[in-house]
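Here's the structure, in C-alpha cells; my notes come after.
Order of writing sets the labels: A, B and C. Residues in every chain begin at 1.
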Amino acid sequence: MRWLRTLAPPIVVGVLVVVVWELTVKLGRIAPFIVPAPSAIWRELVEQRANVWQAALASGLNALIGLIGGAAVGVLAAMAASRLRLLSEVSVPFAAVLNALPIIALAPILNNMFETTSSVPRRIVTGIIVFFPIFVNTLRGLHEVDPTHRELMQSYAAGGWTFARKVRLPGALPFVFTGLRQASSLAVIAAVVAEYFGGLQNGLGSRITSAASFTAYPRAWAFVVGACLLGLVFYLSTLLLERLAMPWKSRLIT
Amino acid sequence: MKAARTLGAVALGVLAFVVLWEGYKLVGNPDGTVILGVRILPRADDLSMPHLYDMAGRLTRPELAGGRPIWIVVLQAAAFTLGITAVGFAIGALVGLLLAVAMQRFRIVERGLLPYVILSQTVPLVALAPLVAGWSGNLRFGPYPWQDWMTVSVIAAYLAFFPVAVGMLRGLQSPPAAGVELMTSYAAGWWRTLLKLRLPASLPYLFPALRLAGAAAVVGAVVGEISTGTRGGIGRLIIEYSREATSDPAKVYTAMLGAAILGLVVAGLVGLLELPLMRHRRRVEVATL
Amino acid sequence: MTAVVVSGVTKVFNAGRADEVTALSDVDLTVGDGEFVSLIGPSGCGKSTLLRHIGDLLPPTRGSITVAGQPAARARLKQEYGIAFQQSGLFEWRTVQRNVELPLELRGMSRVDRQARAREMLELVGLSEFAGHYPAQLSGGMQQRVAIARALAVSPPLLLMDEPFGALDEMTRERLQSELLQICAKTRTSTVFVTHSISEAVFLSDRVVVMSPRPGRITTTVDVDLLSRDDSVRQSEKYFAAVTEVRQALRGGTQGRTATP
C-alpha cells in the first residue's frame, strides 16, 4: 500500500506530461523537427523495433565491455592506491582534475589509432569514463574503516591480509556500488554518444544521427527512446546486483 | 596547500603519461597488437601516434598554409565554447536551484518529479542533441532568430541541470529536525527558514554538485556543437582536424588540448565561486544516483 | 593463579612535545582468578588506557603487564582474552551468527565446530532465534549481547570491557548487568570492566578501583562484599553503603587536589 503512494505521483506526472505533449503537438500543429508527437514516436518504435533491438545490442555490448573493463581497472587501481599512501595522495587530486575534462572528446583520436571498423575505440572511451567514479568511490570505501573494527581485529592479532579480507573489502562494498551505479549509466551514455564522433557506426548513436539527417525525426526520437531504455536496463541491473551482493542493506540509495 | 598538492599530483600524472606514451612508441608494434583478430593495442607508428614533441611543435605552426598559428585558433575556439558553456551552466544551475526549492517546499512536487530527475541521469538524454539541432533557423526566440549556439546552450543547460537539482535538494533537506524545530519555535515561516537555515546548510552540498554540473555542461556543449555543426567552437575543430589525421596527424591533438583546457577553466571558475562562500566549511559529496 | 598483574605501568603520550600528557603514572593492579574488577573515574583518568594496556592494544612507556601468566603481547597473540567496546563493533555485512564466529574463524576452527560453538554462545546470551538476522535489524541492547557472545566465544580466561553498556538506556543496562554476572559466574571468567557509573560498578564488581586524572593513577580500591547479586540487592543497605564509599572515594580524589594552596 505504501509503495503505491510512492509510485502514484510520478506515474500521474508521466501520464499528464505525455497527454499534454500529444495535445500540444497535435493542436498546435507543431512540426516534427521541433518535437514529434508521442503517438508518432510510438508508431516508429513499433515499426522499427528490429532495428532498435539490433542497434541497442551493439551499443549495449560496447557499454558492457567498457563497464567491465573500466570497473576492473578502477577497483584494482583503488586497491593498489590504498596500500601505498603516496599513490593515493597523488591519484585522488589527479583523478579529480581528469574528471573535469570532456573525455568523450578523445573518441576521434582513438578512432585514428585503431582502424575505422573497430569497436575498440568506443569501448576504450567508455572504459576511461567508467574508471573514475569506480576508482574514487572504491578508494574512499577502502579508507573508511570503523575504528572499533580496527581495534577489534588488533585484539585478535589479525594480520594485514586477514584484516583486508575480513574488514576492509566487505566494508568497501557499499562504496563500490555507489560508484558502479554512476558508472553503469555513464557507460551507456558514453557508448551511444561516442558514435557522434565518427568511427564504426552500428549502434544507437549512428541511427539517431542518420535518422536526423534524413529529417525522419519521429524515427530518430524512437531510437533515443531505445537508448533511454538501454540506460534504464543497465541501471536496474546494477540495483539488482547490489541487492544480491549486499543482502544486509535495507535501503539502496540513502 | 591543497592547491600545491593538486598541482604536484597533476605534474606527476602528466610525467607518467609522457613516459607511457613515448615508451609505448618505443617498444610497441608499429602495426599495433592484434589478438584473435581484434586489435587490442593501437598502432605505434608516427601516423597514428605522433610524438609528443611533434604535437607541441604543431601548436606554433599555422593552421592552414599562411594562416594564423594553430594555438591561437584553438584558444579562440575554446573561448567561444566557454561562452556557450557558461550560458548553459548558468541557466541549468538556476533552473536546478529553483526546482530544488520547489521540491523542498512541496512534498508532492518532490515525489512526482524527483524520480524523473534521478532517472534522467541514467539515460543518455544528450543523445537528443542532433534532434534539437533542427530548431536553429526555424524558431524565433522573441525578436531574435534562434541560432545554433543557443541550441548548444540548451543542451549544456540540460546536462548541468540534474546534478544541481538533486544536490541542492539534499542540501536543503540536510538540516536536522532539531534545527527546523528551533526555527518553528521562533515562529519563522517557510521563507525565513529557507533563508536562515536551509540555504546556508545546503552550500556544502551545492558546490560539489556545481562542479559536476560544470563538467557536464562542457560535455554537453562539445557534443552539442558537433551535433549542430556550430562553427567557431572547439567541437567543430575536433571533428575537422580529425578528418585530416592521415595528412596532419598532430593537428587533432592540438584541438584535444583546447578541449582539456576548456574543462580545466570551467572547473577552476566553479572553484573560484566556492572560495568566498565555503571557507571553514566541509564539502559533502552526494551520490546523486 | 592471578589473571592479570599490572606492575609499575607508566604511559606518556607525545613525550617531549608541547602536548605531552601522562595518561598513567606508576599503576599497580592485580586481578585474581574469577574476580570481577571495575575501573571507575572521571574522564582523562586513564581507565580506558589501562584497559587497552592489559589487552596489549597500547605499549607501556615503563612497567610490565602479565596476563594469564604470560606477557600481554603473547596473551594477545594467543587470544587469551575477549574484548567488548562501547560500540558493539559488529560487522554489518555478517549475520549475527557469523559475527560470533569471527574470532573462531581467525583461530582456524573448522566450520562445523565454530557453527556449533557460535550457537552455544548465542544461547548463553538468549539470542538463538536471531542467529540469521543482520545487526542492523537488532536493537542496541541486543547488539551488545552479540558482542559479548563474540567476546566469550573462545572461552577466554579474561574478559575486558570498555563501557559496553554506556550507549544503552537504564532499563536495558540493568538487565544486561544481571545477565553478564550470570554468564561470568557460569564461565568463571575474570573480568576487568571500565565504567563511569557508580551504581553499575558496585553492582557488578568484587572490587572497585577508583582512578583520578592528571596524572592517571589509582587512588583507592573499594572492596564490595554483597551476598547475592540479583535485582533485590540494588535496594539493600550494603549496596547503598558501598555506593556511598565509592562516591566519597571519587570526590576525595578531586577534593584532595583542589585543596592544595
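Assume contacts are C-beta pairs under 8 Å (C-beta built on N, C-alpha and C of every residue); 3 or more make two chains touch, one makes a residue touch a chain.
This structure is a prediction, so every number in the text was calculated from the model and none was measured.
Student: Averaging the CA atoms per chain, pick out the one whose centre lands closest to the mean of every protein CA shown.
Tutor: That would be A.
Student: Ranked by contacting C-beta pairs, which pair of chains comes out on top?
Tutor: Summing C-beta contacts for every pairing gives the maximum at A-B.
Student: Report the inter-centroid distance (CA atoms only) between chain B and chain C in whole Å.
Tutor: Chain centroid spacing, chain B to chain C, equals 55 Å.
Student: Let me have the rounded angstrom distance from the C-alpha centre of chain A over to the C-alpha centre of chain B, please.
Tutor: 17
Student: As a quick test, compute the distance in whole Å between the mean CA positions of chain A and chain C.
Tutor: 49
Student: Give the list of chain C residues in touch with chain A in this complex.
Tutor: Chain C residues touching chain A: 55, 57, 76-77, 79, 81, 83, 85, 87-89, 91-94, 102-103, 105-106, 134-136.
Student: Going by the contact rule set out above, which residues of chain B touch chain A in the complex?
Tutor: 2, 5-6, 8-10, 12-13, 32, 38-40, 42-43, 48-49, 108, 111-113, 115-116, 119, 121-131, 133-135, 138-139, 211, 214-215, 218-219, 222-223, 226-227, 235, 238-239, 241-242, 245, 249, 252-253, 256, 259-260, 262-264, 266-267, 287, 289
Student: In the complex formed with chain C, which residues of chain A make contact?
Tutor: Within the complex, chain A touches chain C at residues 146, 148-149, 151-152, 154-158, 162, 166-167, 170-171, 173, 246-248, 250.
Student: For a test of understanding, state which residues of chain A touch chain B in their complex under the given definition.
Tutor: 6, 9-10, 12-14, 31, 33-34, 89-94, 96-102, 104-106, 108-115, 118, 120, 178, 181-182, 184-185, 188-189, 192-193, 196-198, 204-205, 208-209, 212-213, 215, 217, 220-221, 223-224, 227-228, 230-232, 234-235, 253-254
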